[in-house]
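Each of the two complexes below includes chain A, the first together with chain B, the second together with chain C.
Then we have the complex of A and B:
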C-alpha cells in the first residue's frame, strides 16, 4: 500500500464532510447525523492505515502539495508546503480520529435537544480537520493555519449553547486567551521567517543550526509561551477550567482529550525536537560554536510541569462540580506529559530521557482515551439527572450501574491502577523522573496522591445512599453507551499489553522524535534532485 | 433610509457587484482575488441591508440557499485541488496538461485551476459574510 497516496485523504475526507454538511443537512436530521458518522468513520480508517504503515516501515512519510518534490526547479531549497509524518504524528492522528469518531456517535443522542445542529456537525468535523492537520504538517505556516482552524472551531463549540450564561462567558474567556496565544505563535513564526527566510520545518532546522541567532531564541520563547497557553499549563490554565465545564460534554471530551494535546503538547514537541534540534545544538556546543541551550529550555518546561501537576491536581480535590473536577484533573495530567517532555529534553541522549519522552507520548494517548471516557460519562449523568453538582449525585451506582462502571474504569485508569492503561505510562514518567532527579519524582507522586483523592471522592459519592434526585435516572440509550463501551474496551485492552505497546510503539516514536540521526531533516532532503 | 440613499444604492449596488466580480475573475492577473472580491460583493449586500432595511432583506435572503452556496464554494475549491490528485494534492493539472485554462500567461484563461479557486473562494466569502451580517442584523432585539 502506498502511504503517500493515502495521506492527503486524512485532510480531504473531513474537509469534504464539513463543506458538504450544509447541503446534506437540507435532506434532514437523520441524513446529517449519518453523514457525520460516515465521514468521521472514513477518517478513522485512513488514520489507522497511515498509522499501520508508519509503524510497520518506521519511515518518515514526506508528502508535497502541488508537485512531486518540494524543491523548485533550479533551486536547492524547499519552496512548497510539505507534510511530514513520523510515528508520533501517526499516533496523534490515530488518537484524534478515534476519539472524534466516538464523540460524533455520542453526539447523536446527547445533542438531540439542541438547535443549530448542522453547524454543530460542521464545526466538529472542522475541529477534527484542524487537529489532523497539526499532526501531519511539516510546514510552520501551515501549522499555524491548522492551529487557528482548530482554535476557532473550539471557541465556537465551547460557546455553542449560547442560551446559557456560562457558555458565553467561557467562550469569550477562551477566545481572548486563545487569540493572544495564537498571536504569540504567529509572531514567533514571523521572526523566524524574517531571520531565516524559510517556513519548512526540516529546512528551518538546518538554517537554525548554521546560525543560531538571538532571534531564534526569542521566537522559541514566544512558541513556548503560546503553546503552554494552548495546553493549559499552570499559570494560564484558567480558561480551561471554565471552557471544559461550559461546553457540551461531547465537546469537552474532544477539548480535554485532544485539543490541548495536539495544539499544545504535540506542537511543542514538534517545535522543540524537529526545528530546534537538540542533537545539533549539542554538537555545536562541543565545537564551541554559538548554540541554543536546549537543556535549559527543558528545565523551563519542567518548572511549568511541576507547577501544573500540583495546582491542577490539588484544585481537582476541592471541586463540587463534576465537570470542573475533570477539567482540573486534565490540567494535572498535562503536567505529567510536560514533565516527560521536559525530562526528555534535559536528559537528551540518555536512556532516561528516551524513557521519559516515550512515557509522555504514551500518556498523551492514554489520557486522551480515559479523559474522553470520563467526560462522556459526565455528559450521560447530566443528560439523565440534569445536575453536575457532586453533592446531589449520591447513589448513582444503583440507578445507572453501567455508567458508573464506565466511570470506575476511567477513574482507575487515570489514577494508574495496574491492570489499566494509565499505569504503564505513569510508571514510565515516575521511573524516569525519579532516576533523573528524585525531587521531580516526589512531586509527580504528590500530584497522583491529590488525583487519587479527587477521584475517590467522586466514586464515594456514586456509591453512597441514593438521593431523591436520582431516583428516576437510568442508563442512557445505546448510542450513548456504545462510545463509552468502545473507550472502556480500548482502555482495558491497552492495559493488558502495556510493555508490548511501550516497546513496540512508544519507544520507537520517542526515538524518531529525538532524531539521533537527523531523520526528520534527512527525510526532507532525500527528496531533493527530483523534477 | 431616505430617498436619496435608496436611489443612490440602486445605482451603486450593481456597480459594486460588477467591480467585485471583476476582482474575483482577474485574481490571477491583477491584485485582489477570491477573498478581496468576495468581500467587495458582500459590501454590496451590506449596502442593500443598510439602505433598504431588514424587512426588505428578509424577502430576498434565504438562509438555506446561502448556507448551501457557501458549502458549494468550499466543495468547488476542494474539487479543483483534487483534479491533479494523481500527481499530488493541489497539483495544477489544468495548467500543465489542459484541456482548458492553459492559455498564454497574462490572458484571462491562463492560470490552470486558479480562476476556479478564486470563483469558489469569492462565492464562499460573499455568502458567508452576508449570512453572518444578516444573522447579526436579525439578532432578536436590544433587550434580552
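Then we have the complex of A and C:
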C-alpha cells in the first residue's frame, strides 16, 4: 500500500476518536470503552503498516500538508508543513500505538471504580495523538504544538484522581516544571526562526550549516535544557518521581514508557541529529569554516547521562513504595538511553558511535515495553491489595501467581538477563561505552548493579512469607491480565531474536538518523524535480 | 545556597539572551532591505503569493488556515485538551455526588 495514503490516518484516527468521544459516551459506558479500544486498535494497525513500509523500503517518507510539494512556486525553500518519517520515527510510532492500545484495554477494568471516565478516555487518546504527532513531524513549530498537546494531556491525567492529595500535588509540580521546560523549547524555536527565517527541520539544517551563529548555539542549549527536563534526567528528575506514582497505573505505564521518551529522548535525538547535523559540522571543521562542536554537545549529554544513571538507580534501591521504585528505575534507564545518544554524538562517524545510537534506540523500545508491563503489574497489585508499600506485600507469589510471573519477566528484562529483550539493548550500550571510554562502561555497570539490587529486593518481597494483607488477593480479571500477557509475549519474542532485530531494524534506524539530512535533501530534490 | 545558584544561573541566562539580542552578534530587529530578503524570505513569499494561492486578502488568516493549517488543528486540540482536563479535575469527588 502507498505510504503517502496511510500516513495521514495515523493522526486522523486518534484525532477523530478524541473529538468524538464526548458524543459517543452519551451512548453509555460500554460504548465509550469499545470506542476507545477500536480507535487505539485502528491506530495500531496504521502504525504497523507504516512501520512495515518504512522498514521494507528504507526510504524517508516526506509528506506535505496541503500541496504536492513543500516548496512555493518558483522558490527553493519550503513554505508548508511537512511530515518526515524515517525508521526511528516509525519505530516510535509503532511503540506508542502498541503501548497505548494495551493500556486502553487495561483501563477498562482498572478504572471502573473512578468517575469522569469520558474525560479519561478523551485525554488518553489525545495523549496518544500528541506523541504520534511528535514522532512524524518535520516542522519545528509543529513539533512544539504536539509537545504541548502531549504535555497538557499528561498534566491532566497525572492529577486525574482529584480526590487524592498526592495526585493534585504531583500534577501541580509536573505542570509548573513542564511548562517552564516547554517555554525553553519555544524560546529556542523563536531564536532559530529569528535568525534563519524557516521552521522546516531539514531546510533549517541546511541554513544552519551555511551560517552557524551564536544564536544557534544558544537555541541548542535551550532545547537541551528543556528536553532534559521532559525526559526526567538528573538533576531535574524530581517531578517524575512524584508524577509517576501518583497517576493511575495505566497512565504511569504510558508516562514512563512513552511520554518521557517521545517528548524527551526522541525529540532530543531529532534536534541533535537532524537539525544540528553532526556530519555537516564535521565537514565544516575540516575545511576550517565556522562550525558547531557537536562532540562537545555529546559530552554534555554524557555527563547528564552518567548522573542520571547513578542517581536514578541508586534512589530506586532505597524506596519502599513500589511505584516510586519503578519511577526512579525509569530515571535510571533514561540514563542508559542518554548515554547511548551522547556516545553516538561524540563518536560520530565511527562504528562505536553507530552501535551506541542503535543501542539507545533499541533500549528506548525495550524499556517502553518492560516499564509499561511493570507499571501494569503494580496497578494490578494496588487494585487487588490496596497498598503500594513493599513491606506489606510479602508473599504475593502465593495468591497472585500470574501477576508475580509477569513481574518476574519484567524485572529480569529490565536488569538485562540474556533470554529477554533488555539484554541485547543494554549490551550494545555497554559494549560501545566500554570501547569508547572504559570509565563510562564502568559507570554503566555500577548503574546496573544498583538496578539489580532494587529489583531483587522487590522479588524477595514477592516470594517471601505471606502476610495477612494479601490473604484475600487473587489474580485480576482477564481484561487486566491480557495486556500484561501481550507485553510479556512481546518481551519474550523480542528476546528470542535480539541480534536479528538489532541488525535488521535498529542499526538501519541509527544509520538513517545519522544520515538524515542528506536523505532528506535527496527526497526534497526528487520532489522538486517531480513537481 | 541552592537559591543563590538559581539566581546566578538566571542572571547568566539573562546575560546570554541579551548578548543574542544584540544586532551586532545575533538577532536583527526590524530587518529591512537586503536583510528582509535574507532573513524573512518565507514571510516575503506569503505576502507576495498569499492572495493568488489561497484567495483570502488577510495574510495572517491565509497562513494560519492554509499554509500552516495543521498547526491550527493542533492549537484547537490543545484548547480541547485543556478544557477536557479542567472539567475532569473539577468534577465532584468520588462519593460526593449525592
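Everything below uses one rule, namely that the second predicted complex is superposed on the first by the 524 of 531 C-alpha atoms of A that agree within 3 Å, B and C clash if a C-alpha of one lies under 4 Å from a C-alpha of the other, contacts with A are read in each partner's own complex, and residues count from 1 in each chain.
Just so it is clear, a contact is a pair of C-beta atoms (placed from the backbone, for glycine too) under 8 Å apart; a residue touches a chain by one contact, two chains touch by 3 or more.
Worth saying up front: this structure is predicted, and the values here are computed from it rather than measured.
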After the overlay on chain A, what do you see for chain B versus chain C, clash or fit?
fit
Taking the superposition on A as described, I'd like to know which of chain B and chain C A:23 touches: first, second, both or neither.
first
Going by the contact rule set out at the top, does A:15 touch chain B (first), chain C (second), both, or neither?
both
A:468 in the overlay: touching chain B, chain C, both, or neither? Say first, second, both or neither.
neither
Could you say whether A:153 touches chain B, chain C, both of them, or neither, answering first, second, both or neither?
second
Going by the contact rule set out at the top, does A:68 touch chain B (first), chain C (second), both, or neither?
first
Once both complexes are placed on the shared chain, angle at chain A toward chain B and chain C, C-alpha, multiple of 10 degrees
40
When both partners are placed on the shared chain, which of chain B and chain C touches more of chain A
C
Nearest CA pair across chain B and chain C in the overlay: distance in Å?
5
Chain A positions touched by chain B in one structure and by chain C in the second
15, 18-19, 65-66
Quick check: in the complex, which residue numbers of chain A touch chain C?
15, 18-19, 65-66, 72-73, 75, 77, 79-81, 113-116, 119-120, 122-123, 126, 129-130, 133, 141-142, 145-146, 148-149, 152-153, 155-157, 159-160, 162-163, 171, 191, 194-199, 213-215, 218, 221
Could you list, by residue number, the parts of chain C that touch chain A in their complex?
16-17, 19-20, 25-27, 38-43, 45-46, 49, 53, 66-71, 73-75, 77-78, 80-82, 84-94, 96-97
Touch list for chain B against partner chain A, complex
64, 67-68, 70-72, 74-75, 78, 82, 85, 87-92
Chain B touches which residues of chain A in the complex?
8, 11-12, 15-16, 18-23, 26, 63-68, 118
